[in-house]
């Protein structure tokens, strides 16, 4: 899809795919320190050997941050939109060091802003997949976008 | 609240407060690089001078990651629970370098898991406030917890 | 300029401007550790007070790395080109923490590759300026680009 | 002092001074994450305002790591010596972001290794001072060094 | 042991164990840059192949910093105690990337503070072991703790 | 070569070799984030499998920064010289995670400064090789150095 600029430009069902990025052990180590989340699932390889997934898994908060990073860096962002929040985040499968993830962004819905005249709310589905095309994260991103019409 | 271990231990309405952490310029710089999100709101001080907030603001994805980090590091986590996802994330106010944030975690609701016998779903509200007691982030965290009863 | 894809698409004199990024103290600290260059100009504030510039200056190698980062992240890169090297790098003025830099990229010259049939060499001038429009770095980047014609 | 190579080359009382390095907020943030030590003295500016020192202080473990870094990077290290441990570490004053520290290394004592023939033990005093010539850390470093004589 | 709060609460011989953390190549790379200690034992894999340990070893200063991090993050720290220094640090075995370390903390001794009325000095032994239960670091940590009695 | 202090001390043809450093996956991950250069050659392992080099390659700007770091940290730098820029940078072969690089620095040429009395210009060739003695980077560094004679 071309860069949607105003509310009117977002077409329900249109989608785009970001570039992919490989998640590394270094990313997980860095994120543990940066977030302060040293849960054993992310930092203790011996513990992980006793778990169903058998190895260290990436933080869900890191997959989220990198997914948003891939989204905003791969397309010029409209100066007429701003992030409002997320409606749902799910993690159907773990991400491991060595996995390569990318994001498919699809316009899910759009409606007038309930109170802010001249603005609308757009919900984009962000589906993060790994190199086996398995979904590892799913999020619904709500953005507020100005209308070209101003009404 | 004491550490809730099994589903039965979560009491609706009970809450706890994490320690606080000061967000610094270094955190924002690190997070831009780590996430790949170099939007001008986070990395361009000249651009920010022209915006309503006048200075660089922290990434929402970083506030989220640090809030979760504060939550899991300040209480022994039950080995009988696992994170399922989030139902809602909102950012009512920006976070700036120099702000000190903490998280109030409240048990919002609990119900039987729709399909997984012996498990329940708990929703915790995570309210992040700054040093002026203003809410800067709000999230609803869904966790799946084993029942002590096994039923 | 639109993204030039093949050698034929590069027009001498055409130029583009990247987004800007603010250089921070954290960047300088990080780069000192990453590069291993702890020269007192970059890491010793007391020494710097005795120097003409009076405060810590950014590493030239960091300005270079960030300038290239700004260049490649702000435009889809042609899969038909590859970086060959640089002909000249100059640092007319220092960069300080707090400065906001951006890069102007101009196609300087183009010629057939001396030995590789179907390819040409393009030289791009990369001029890095700060928030006062002063040039802080100048580089000539040589890239090898496939010809659409194949000849 | 010249680089002492063998046990015989260490002269009691001889000393050398390392270059200085400015400790920054970024260093403290980085070290909190890397070590996992998020004690409020290092990461919570609001808490620190209520303390005698009034601002965030550097981790003692970081001052130690950087002091050793300054020591080993400022002199060719003898391939005939190896670090054995430390006998005493004291922190008479806090280190704050903005302080510039350096290390004075003095040969305190030397004696035959109690059991390892052909080796001796050397103790070096490492005194870390800030820009006001106040001692902020003191350590006694024990190293095992080969004898030139082999006896 | 429960969190000892006042001097009277420290019981000689009582001990606790921290969670474990896996040391990674990324940690060693970070620490080299952060501390400025690029000794070949930590940063030159080719050199290390010629040494008895055959691979890159972690910095002793990093093992120390992470051991203290594990100690303070795994138990609420008493606001009535403060770190005074260390009496001894030894490194009986190297730590390699991939090793998982944890700390056993034992109250070794306690005595009245020689000059500060209402305070005592407690020495805690900190024994760091790897996944093979081999001791890789040993330290004696001296802390000054208020007496409940005030005398 | 001994540390050349003044212009007169630089001898054409004299050379020195720096210590070596192993480039790791963590270095490449850090550098991508720090520079903002997430080109797939550096961050997408799946893409790299389809390329002639088959695995992720280090950024040229990182090899450059680390080469300069190795150069300045391995010899006392003359306070009478300052970096002016570079005349040529070439990358004949890629650098991969696991490669160990070092720099050979050779005085190539020296001449009076065209306009600055009492100063000269020295060009040093910096040749970076990997553990197979293959050249991976070549640069010509131009430095301005005071003359001892002042003329």
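As written, the chains take the letters A, B, C, D, E and F, and residue 1 is the first residue of each chain.
One rule holds in what follows: a contact is a pair of C-beta atoms (placed from the backbone, for glycine too) under 8 Å apart; a residue touches a chain by one contact, two chains touch by 3 or more.
Bear in mind that the values here come from a model prediction, so they are computed numbers and not experimental data.
Counting hops only between chains that touch, subunit B reaches subunit F in a minimum of 1.
When the CA atoms of subunit D are superposed on those of subunit F, the rotation angle is 180 degrees to the nearest 5.
Looking at which of C-D and A-B shares more C-beta pairs in contact, the answer is the pair A-B. Both subunit E and subunit F derive from one sequence, and where they touch, under half of the residue numbers involved are common to the two copies.
Comparing the CA-atom centres of all chains against that of subunit E, the greatest distance is found for C. Centre-to-centre separation of subunit B and subunit E, using mean CA positions: 30 Å.
Centre-to-centre spacing of subunit D and subunit E amounts to 16 Å, using the average Cα coordinate of each chain. Separation between the centroids of subunit A and subunit D, computed from CA atoms only, is 44 Å. Distance between chain centres (mean CA atoms), subunit B to subunit C: 38 Å. Chain contacts: subunit B has residues 21, 24-27, 29-30, 34, 36, 38, 73 touching two or more partner chains.
Under the contact rule defined at the top, the touching pairs of chains are A-B, A-D, A-E, A-F, B-C, B-D, B-F, C-D, C-E, C-F, D-E, E-F.
Those residues of subunit C lying in contact with subunit F across their complex are 21, 27, 30-31, 34-39, 59-62, 64-66, 68-70, 72-73, 77, 83-91. If you check the complex, the residues on subunit C that touch subunit D are 24-26, 29-30, 38, 40, 43-47, 56.
Touching subunit C in their complex are the following residues of subunit E: 30, 32-34, 36, 38.
Every residue of subunit D that touches subunit C in the complex is listed here, in rising order: 19-22, 24-27, 29-30, 73, 98, 100, 131.
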